[in-house]
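After the structure tokens below, expect a handful of questions from me.
Chains here go by letter, A, B, C and D, matching the order in which they are written, and residues are numbered from 1 within each.
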Amino acid sequence: MTPRTAPAAAAVAPPAPAPIPADLTRERLLEMYRYLRLTRALEERLVALYRQSKVIGGLFRSLGQEGESVASAYALERGRQRDFLSPLIRNLGSMLVMGAQPIEILRQYMAKAKSPTGGRDLNVHFGDLELGYLGQISHLGDMIPVMAGIALSFKMRREPRVALVYIGDGGMSTGTFHEGINFAAVQRVPLVVIGEYNYWAYSTPPERQFAVPRLADRVRGYGIPVESVDGNDVLVVYEATRRAVEAARAGQGVHFLEVETYRRKGHAEHDDQRYVPAEVLERWARDRDPIDRYVAQLTERGWARLPELAEIDAQVRQEIDAAVDACVNEPLPEPDSALPGVYLDPPVTPRHWYRSL
Amino acid sequence: MTPRTAPAAAAVAPPAPAPIPADLTRERLLEMYRYLRLTRALEERLVALYRQSKVIGGLFRSLGQEGESVASAYALERGRQRDFLSPLIRNLGSMLVMGAQPIEILRQYMAKAKSPTGGRDLNVHFGDLELGYLGQISHLGDMIPVMAGIALSFKMRREPRVALVYIGDGGMSTGTFHEGINFAAVQRVPLVVIGEYNYWAYSTPPERQFAVPRLADRVRGYGIPVESVDGNDVLVVYEATRRAVEAARAGQGVHFLEVETYRRKGHAEHDDQRYVPAEVLERWARDRDPIDRYVAQLTERGWARLPELAEIDAQVRQEIDAAVDACVNEPLPEPDSALPGVYLDPPVTPRHWYRSL
Amino acid sequence: MPPVTYLEALRAGLWEEMERDDRVFLLGEDIGRYGGAFKVTEGFFERFGEARVIDTPIAEAAIVGAAAGAAHMGLRPVAEMQFIDFISCAYDMLTNYVATARYRAGLSTPMVVRGPCGGYVRGGPFHSQNVEAAFFHTPGLKIVYPATARDAKGLIKSAIRDDDPVLYLEHKWLYRRIKEDLPDTEVLTPIGEARLAREGRDLSIVTYGATVWKALEAAEQLANEDKLSVEVLDLRTLVPMDDAAIMHTVRKTNKVLIVHEDTRTGGVAGEIAARINEQAFEWLDGPIMRVTAHDVPLPYAPTLEDFVLPQTEDVVKAARWLAKY
Amino acid sequence: MPPVTYLEALRAGLWEEMERDDRVFLLGEDIGRYGGAFKVTEGFFERFGEARVIDTPIAEAAIVGAAAGAAHMGLRPVAEMQFIDFISCAYDMLTNYVATARYRAGLSTPMVVRGPCGGYVRGGPFHSQNVEAAFFHTPGLKIVYPATARDAKGLIKSAIRDDDPVLYLEHKWLYRRIKEDLPDTEVLTPIGEARLAREGRDLSIVTYGATVWKALEAAEQLANEDKLSVEVLDLRTLVPMDDAAIMHTVRKTNKVLIVHEDTRTGGVAGEIAARINEQAFEWLDGPIMRVTAHDVPLPYAPTLEDFVLPQTEDVVKAARWLAKY
């Protein structure tokens, strides 16, 4: 009789991978992983530059929040003149997904002449209307009416585009948030609002900021669909955002998505977080880190192998090294480059008389 | 046999009156009636003065809304240093209940020197901290934070006092409303907010102002008890406000009460209301006038007889006649009385140099 | 054509721009079917539809912010403040977001915010304000303030076509008080150019808005009663300010009276005085003097309002004093 | 006692007033356990408890409005703006409600709004603002702006005791940069009185806030290099302004340079120039000149910020020019 080898061969064959959710593919899963890693690695590099005081001004981290930033932005139609997003200080990941380059971020933080704002505004405060992201201003809440207006322009021109804007558990207390989201809801513009419940507004906990349990509860008064999800589960955030975005695109107006996450660093690097219990930070780091969880999903479900991911990590490190090397010694802006561009016309603000003496 | 007369006598005896609700008495029921009549009659007299152009500036009516104004204010503890209220332009009735005098209203509308503001601010924009009412400013929403602060002072000093503030279906769209009511809710101050759903914000209907059916729905996000009642049923508004006020006094924080009513006149006298269907106005006037309904309740339930009410009407008319006669020919303020009182110190704003040439 | 009022001229300018450019749209409170509190947009809703004439909730920050967002995307919004007094609720949005957008991020924000300003109408402290000073100080905003029907039309059209955000201040006391014949040809008033409202030799009055008319009345009276030849310069644009026109009249008459309706301390007149001082000090034969409102919130009673606000007689007295100096 | 910094002096003044008067309480963002973004209220929460040191939601209009309401009822709130830049969100509440309360309705509103102002710290356009001009124009608000540790303490105490609403502007560049010995006795700086920071004969510099130090450096340099005797007047209070002190120095030196960190157009210097012009024209031997920031939003890069803001060297150059005039 002939020996039966096939079964043995079958036995060593890998288990069939689980089905990939939504409209994702293996390539896109890995691309999201890349953005997650890029976000975290870039911030870690910025911390090093901050310690060498190469960063000018404060440094803001999104450690532990990379998942919701990357996944929500990834759910948009990206490319020139497609969907549109306005990030907050902790949405570095969202900006990278929309096409912001690491070197642009580095240059911004180091106030380089070649930075997107030419050294005029700080950190992630810059945008690209073509690629579809608009930099925030510091005043919390203000971007909600502005993004409502951008969504209004999509509606008026019947463009199949959607606007997405982020707001924090603290920022939702501002009057501009209320005016903007209500205006958008009444006008039924294609706007998706991501509410980031990260347990802190600077040092202020949710119970001193509002009197309901969840952000989803805060927006009951606007007559819009609301959903709350685990913000540290990349796939859950992706799918929920995708649903909201497509509903908005289909003419169903404003949608609000609450993502529960945790701000694992201080408000900014200077903040020692003394008001946060250490064990809470440990728990979120240990059990609910969005990248670790995503890696587990990718590998356990047979969508990726650790070596592939390590390969991506290495590429990301190289990319960041190259970016840092390319810009770290670049000059600051020329002093008098501060004068042009307050208006289109007149083009330049006059230099004061005593500067020409 | 003896003739049985008793039954006959019983037959002609009046039916026993229905029990008087809440903590009201017959006297208080009649006092509320008096305020309702006073409010309407005073406004009617103001219309006459307006037509004779004795009123300076615009005239605002509360026709059809007198019920909620009077009943909600009447639910407060009144007197020196007791509960506190801030009215809107259509809460003339609330002010009268708190102790504002018809002659003060008349003087305000005619910009008389003796008016509470000495001719500096218009119509019902005045107050009396002792009697417990604070005049609004025109900017809608601003009184919410201010009244939250007044309620905060009650809480800080552990005084058993409650603050009550009104807001319109339009005014609730302002950022200051959101900031103020959320601040008050988080601080759990003794504040009652009355939301007036009167179907219009100037010419704007509710569906262009917000995207939920009721004002009660608009405030779901603040974590406070909410109730909606028929604003044109005096007793219902009284009882609901009383409940809210006592709960606030008991330390249960902010309460929101929506009163459904109808603005039966234009935004102001100049407004021809062309945007309001005539039949709607007729229906509200015919079926849901708050005073007519209250009169029916008083008489049908045996709490009052029409002649008594007619008697009150006559007194009200006399009171108003007397007030008008007393002030209509009073002088306007002395011109330079415009200079003192911007600051306590310096006490007087200097007169410009050319005025002394 | 029959003469048109200031308000009709403004309306015509708005209308023509909406006909000419379908990127132009209006948003504000009660501007649709109702046509606006002062009926400036009467008939627009019927002609252009609710997509281009948007009734908004009572939310000035949202109105201005949404206008800015739409402007970034290439539309040309014109936002109405029902009374300019309520622009204070959008102060943050205008000064921090709108004014800095181009400088910070190279964003184009071609939008207009307009609304009824000013007193002399018994409006009291919250329906009579002059808000130019608060925004005059903010780099990034342009401010125009027409005094005539012609400029009401010419400036709203230029403001809508301008690529920078423009605050268009219209005076409600002038709405129906002044009439003017306008050409059937296109009327465009360049932003940044003052207008010589009256020629003179002895003394210059620099002013804008409603007080242009007080100044002209005073000039007439001074000509008749004092044989004084007074020049009146109507700035029309506050930002960017027409320094050349100001210095030209100063060098011509050597005496300047600055007149505005707004309160004095921190008002625009201070800036004008400082500029004259810096650029034409040698040409001054007397101090630069100001005629303005008194530094108080504007009271409502006619006697008080008339006392607080600058009147023709004030301009006459101050000019006489300065002429004699 | 060891010398105290500007920030410590401010903190001590706040602390003493809270000890002295239990009607005084604080409200603002992160001022409680955290002690405030700049730690001005460090330790207050522990000492005075959460009833008197209230952490609020992010809602500047509510913070200011609630302070006003509490002040009407006889309390003495001190509201912190985390950065003064965010006071723009309470502009309506401050200018329309708070500033007019006494005039409109005879309401007493004894409250203080304070917060870190100013540049030279690489804060960028939204964490470096100077907001005095917007409120300087509003009748009803007082504005103080200490330049020294002593006045930081003396003015916060006077502001809290004042029966009118006071805007207390503190410069974050001075927080830890300057130190001073303060007496153990009570330090109170009267509101409305300027301070002669340096005596001089040839030229006067009128200034306030951080630029007081730039002016003093310049004066020193001019004394050494040019043998020029420069007088420096530190206004300390912007409203009500100490006209007498300004005119006194003008009549003494006959030449004035006005220096402030804020942008030029519509800035406080314009008003000062106008007042000098009106009250001391005959005493001027040269034009009143201004040294200020350039009219742009304040950029963040050190090279740009340093270019935009007034520097000691600018004061030196301008003063030399004026001295030669």
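Quick note on the criterion: a residue touches a chain if its C-beta (ideal position, glycine included) is under 8 Å from a C-beta of that chain, and two chains touch if they have at least 3 such contacts.
Computed from a predicted model, the values in this text were never measured in an experiment.
K.L.:
Along touching chains only, what is the step distance from subunit C to subunit D?
P.N.:
Between subunit C and subunit D, the shortest chain-hopping route counts 1.
K.L.:
Looking at CA centres, what chain is most distant from subunit A?
P.N.:
Of all the other chains, the one whose centre lies farthest from subunit A is B.
K.L.:
When the C-alpha atoms of subunit A and subunit B are each averaged to a single point, how far apart are the two points in Å?
P.N.:
For subunit A versus subunit B, the centre distance works out to 49 Å.
K.L.:
Where the centres are mean C-alpha positions, what is the separation of subunit A from subunit D, in Å?
P.N.:
One centre to the other, that is 38 Å.
K.L.:
Can you work out the whole-Å distance between the CA centroids of subunit B and subunit D?
P.N.:
42
K.L.:
Which positions in subunit A are in touch with at least two other chains?
P.N.:
Correct list: 120-121, 125, 137-139, 173-176, 179, 182-183, 186, 208-210, 342, 349, 353.
K.L.:
I need the residues of subunit D touching at least two other chains; which ones are they?
P.N.:
56-57, 59, 61, 85, 88-89, 92, 96, 100, 103-104, 125-126, 139-140, 278, 289, 295-297
K.L.:
Touching residues of subunit C toward subunit B in the complex: what are they?
P.N.:
So the residues of subunit C in touch with subunit B come to 29-30, 32-34, 37, 55-59, 61, 82, 85-86, 88-89, 122-127, 264, 289, 291-292, 294-297, 299-304, 306-308, 314, 317-318, 320-321.
K.L.:
Could you please specify the touching residues of subunit B with respect to subunit C in the complex?
P.N.:
Residue positions touching the partner: 56-57, 111-113, 118-122, 125, 137-140, 170-171, 173-176, 201-204, 208-210, 275, 332-339, 342, 349, 351-355, 357.
K.L.:
Across the complex, what residues on subunit C touch subunit A?
P.N.:
It comes out as residues 25, 51-52, 54, 56-57, 59-75, 77, 92-93, 96-97, 100, 102-108, 139-140, 142, 162-164, 240, 278.
K.L.:
Flag every residue of subunit A that touches subunit B in the complex, lowest number first.
P.N.:
Against subunit B, subunit A makes touches at 173-179, 182-183, 185-186, 188, 207-212, 217-224, 253.
K.L.:
Subunit D touches which residues of subunit C in the complex?
P.N.:
It comes out as residues 85, 88-89, 91-92, 95-96, 99-100, 103-104, 125-126, 133-134, 136-140, 239, 241, 263, 265-274, 277-278, 281, 286-290, 295-297.
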